[in-house]
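The next part holds the structures, each set out as structure tokens.
Below, chain A partners chain B and then partners chain C, in two separate complexes.
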Partner chain A sequence: MFTDEKWSSSKNWFIAAVFWIIIGMSMGLLTATKQIWPELLNNRWTTYGHVRSAHVMLVIYAWLSMAYVGSMFYMIPKLAKTKVYSEKLGNFALVFYNIVILEGFFALLFGQTSVIEYGEFPLWVDVQLLVAIGLVAYNLFKTVGQRTEKMLYVSLWYFLGSLLWLPLTWIVGNFPAQWIPSGVQQGLMGWFLGHNAIGLWMTTVGVGQIYYLLPKLTGRPLYSHQLSMIGFWAIATFYVWNGPHHLMNGPIPSWISKAGVIPSIVLLIPVWAVLANFWGTMKGSWSQTRTSVPLRFTMAGTIFYLFACLQGPLQALPSVSSVIKFTHWTVGHAHMGPFGAFSFTSFAAIYYILPKIVGREMFSKRAMEAHFWFSTVGFLVFAFSLWIAGVVQGFAWIEGVPFLQTVLMMEPYVQGRAIGGTMMYVAQFFLAWNMYKTIKLAKLEKKQQAQQQAATA
Partner chain B sequence: MERKPSAVLIVALILWMFGVAGTVILPLFDQEINSATASGELRNYPEDSAEARGRDVYIQNGCQTCHTQFVRALPADTNQNLGPVSQGGDYKYDLPHLLGSNRTGPDLMWVGLKYNEDWQRQHLIDPQSTSPGSIMPSFDYLTNQELDDLVAYLMSLKPTEERLEEYQKEREEAKIKGQ
Partner chain C sequence: MKKEYQQHESKHEDIVSGIKIEHNKVPKLLVAVFYIVAIWAIGYAIFMPGKLAVEPAAAPQDNKGELIFTGTCLNCHATGAAPDLKGVTDRMSEEDIKNVIKKGRNTMPAIGHLYTEKEIDKVYEYLEDYR
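Now for the complex of A and B:
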């Protein structure tokens, strides 16, 4: 099982990731459906609160994180012009990581939770997950250490930074509540994790992926090295301060609020730097998105990234926050980065990398097209339902419409979300089926080739 | 630096630590959030009291995923009649915190003010019977003991008499100003 075959870590992490996107998104779909039929599958184990927590934790730490690690096990050695330090360790870490995720999944269904959003696994799972992440980081740092290419391309900066920040942030966010002096302080630490799991892991690895994929897919050099440096250091400087804006207008002293809100708005700088660079690189290549599905996924990802990063600083304004906070809008926004932007770039990464490591094209181009369109259209229906719902709901609360009535008003939007969500979910089966077929056929072809060679020899 | 991964990592670590210092370490020294208010003291439940056990039931069943405990000094909250604006010190003993991030259901910071025990119990067993159109799932699978504890916890979520009086005065003043 712990093979040291070339690229096996990358491939196996991808396979596990796609398995978990199906499980994780089915939890999401169940969450959405439960808001229409509250009694659906309602019992001690799969009550709404458990399923929602499981959905959040699985799509982020199982699907997206595993897809990221799979990408890095290919991209880092490529950029460093070397091989993976230890494929065996990479595969061992994968098995370990999956066991930990499974433990966390069942812990949540059995009602064990540490409450912290984006860090809901109980402490005994957190500790193991930290070890698993540590193993991955060690392996990849060692890979960079044995590089033969001296220049560090910008993707490597992002990957190195992310692999350092994730474990550290994980420790701060999952600090045992009993050791922390007050509830609000724990809230601040929890949101430090909540925001930086997005800012210093999801965003930074995702942006690194795009920096790698764009020049490869378009065959053009990066628009500006200088700009990519500005983007990287601006993210590293400002993102880490964003936690407190989640408690804005609330029980935190105003100086903490300001310390969180100002950097949130300043984030427009790195976002501009990153996107100007992406779209500068694309100049003259946009027509390629018609034929290349991975490129189309990447570009749709960058557009959703723009949306997410326009919403983010806007929401960090106290006046805007006072309307949309706690509403469905937040849920719409929370899906923009992890699904719209970075799941899309991970899909692109899988479609780009998998053929290279198994030695054959993706089995079906039509399935890729279906995957793209179902994901995109589904997500737009999903997100617009929630944004409109959030604004309507926010203003209804301000006008003093009784709460229960605002719940009834949301019914059509909640249904719209479920319909969009179903399309997003269905899309992933095209990905899973396509991957399965590709890998199976690649194995078969290799076997046939070997037989032929044996016959002619 | 473009050739030295260790340099990138060191600077990345320093920048990260600045953020931790500003948003995690400094707040530790702020009295506003670290000393309990009188209403916050009410939430310091003795170990193994009905309220403390009820709080565990609340967490185990994921109530915090739909309900916030977070009242802001904003029209969206004051017009919903949620009770006094919550202060940092109200949460001194709230571990783990239950501030929440989404109001799929209403805020519960001071829910103990609003209904009596019978209503709470009935609402937990059959939410639609007390709140027609509610999308809250039924918690009829809880044992009697768990229901008792959970109701005790919900009923304990209220401000002190003084705080409540202040709040009512504030609201009346605001009303007069509004006219």
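Now for the complex of A and C:
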């Protein structure tokens, strides 16, 4: 029933991922539009709260996670110099994972939620998703187990670490938080998942992707082995303590606050180490970004990663947090890592890997260019609207401006965000169309070749 | 594994899975940043409070009327969603105004149950000077 064709898991996970980015981002666009016209689609299923959480869960666990798994199903066997342990299991896990995501999506639209940021799916979905992640991790660990390359390239460290950390944070964040009584403890448990889903899954797999893509795309050697080790172990050591900074100035004990602030700032070490390594590798190759869209996506991703990680530690400081907390700023920041940095590297991964799998170049270079520019410009419009809005909003609250008045002040910025968001959304259709065309043409060409061979034979 | 690295060190390049890895030195700027961050972290852990220090409230407040007015009434009355209240005490009697606050009128909800009689008096006093 499930094919064991070579590279089929990777390809199929990518296809599913791109399907979900369209669905997930349309939820996001609906959320943004509802801030302009609150009455839009205001029925029992698509209220603001339902749609917003569906957007967050779909883009992270459907789009981004599936794109990650897709690239790991290609990069891990390549790095291990072996084939995927079981393509069949990979395809089965994909179908299972998609069913679970669908369940979670509908559960959210029907109003079931566990009210944990980045872990909104109800408990019965959480359990199944854990099994699906487990299947993927098992398959990929087995793949590494049968490797013929003795050394583990740094990307493999990141991938294997992430495949352990994701289930761990998923368990800690989702299960106890739903059993223990509500309150501060629950908030802390929830934010363990909330921040580590970003730090020990999105970031680490994304960085692993870049470590793989950069030397391949530029043909240059990786700059420094030592820096890659510093980056990996520092993020593995310090990231887990980032959750509490989300409850900064809230009703948590002072020492937990401090324990959240310090690792947040210390994260500058792995981030700068990793980026120095990337940019060191890039030395002399920057001109290639003019012609190579995947490389441009990768480098734009690293730049957004830098900015996300300049904002992040500062936001963790109590004084900064007291201004921007609960404002639009946070939303702008929260999109920079998942979209600006790591969706970009995933786009690059798709553009690099897909042609290798189907044996044909991407159908349209122009569509790739359009995808890049709409994504980038759209995101900048989107993010700057929100950042300006957040700062204005934060200081207006401190000044004691009546709340409704501050809501009205946000009008132009919220519109700007929706315009930028529309561009980001439109960009993804270029990706989907391009992928569809490429895969279809590749199949056609293979058929023709087979026919020609049959004719000549 | 470590030995293997040392063997390769002379070439200053390893090849893992077909990817070349160089052994360049960590840039000095980064080393400096690492040290500064580490020292900061220790200093912060020892010397800083974990939260924003909040100043205790100043002298007892006798501006209760103003607080309620700006905190509640202005949410609608300053935004154009409801009529401007400047000089309202010239247009309506004290009893009428208090009744509107307590029982609501048109789209304005009743908020009498949220405040004591004394607080409503204070709001009225504030309204007298609000023009």
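Basically, the second predicted complex is superposed on the first by the 451 of 457 C-alpha atoms of A that agree within 3 Å, B and C clash if a C-alpha of one lies under 4 Å from a C-alpha of the other, contacts with A are read in each partner's own complex, and residues count from 1 in each chain.
Note that contacts are C-beta pairs under 8 Å (C-beta built on N, C-alpha and C of every residue); 3 or more make two chains touch, one makes a residue touch a chain.
As the structure is a computational prediction, the values presented were derived from the model and not from experiment.
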**OP:** May I ask you to decide whether A:249 touches chain B, chain C, both, or neither, giving the answer as first, second, both or neither?
**Re:** both
Subject >> Contacts of A:216 with chain B and chain C, given as first, second, both or neither >> reply: second
Subject >> Partner touching more residues of chain A, whether chain B or chain C >> reply: B
**OP:** Applying the touch criterion given at the start, work out whether A:364 contacts chain B, chain C, both or neither, answering first, second, both or neither.
**Re:** neither
Original post:
After superposition on the shared chain, which partner residues are touched by A:288: those of chain B (first), chain C (second), both, or neither?
Top reply: neither
Original post:
After superposition on the shared chain, which partner residues are touched by A:403: those of chain B (first), chain C (second), both, or neither?
Top reply: both
Original post:
Of the two partner chains, chain B (first) and chain C (second), which one does A:165 touch, if any: first, second, both, or neither?
Top reply: first
**OP:** Figure out whether A:276 sits in contact with chain B (first) or chain C (second), or with both, or with neither.
**Re:** second
Original post:
Given the touch rule stated above, what does A:26 touch, chain B (first), chain C (second), both, or neither?
Top reply: neither
Original post:
With the two structures laid over each other on chain A, which partner does A:82 touch: chain B (first), chain C (second), both, or neither?
Top reply: neither
Original post:
Once the two structures are fitted together, what part of chain A is touched by chain B and by chain C alike?
Top reply: 150-152, 249, 253, 256, 322, 400, 403-404, 408
**OP:** Using the touch definition up top, name the residues of chain B that touch chain A in the complex.
**Re:** 2-5, 8-9, 11-13, 15-16, 18-20, 22-24, 26-28, 30, 32-34, 59-66, 68, 70, 72-77, 79-81, 86-106, 127, 131-139, 141
**OP:** Report the residues of chain A in contact with chain B in the complex, numbered from low to high.
**Re:** 34-36, 38-39, 42-44, 47-50, 52-53, 111-117, 141, 144-145, 150-152, 156-157, 160-161, 164-165, 168-169, 172, 177-178, 180-190, 192, 200, 233, 236-237, 239-241, 243-244, 246-247, 249-253, 256, 259-260, 322-323, 325-327, 330-331, 394, 397-400, 403-404, 407-408
Original post:
What residues on chain A touch chain C, complex-wise?
Top reply: 78-81, 149-153, 212, 215-216, 220-228, 230, 248-249, 253-258, 261-262, 265-266, 268-269, 272-273, 276, 280, 318-319, 321-322, 400, 402-405, 408
Subject >> chain C to chain A touching residues, read off their complex >> reply: 1, 4-5, 13-14, 16-17, 19-27, 30, 33-34, 37-38, 40-41, 44-45, 48-52, 70-71, 74-76, 78-79, 81
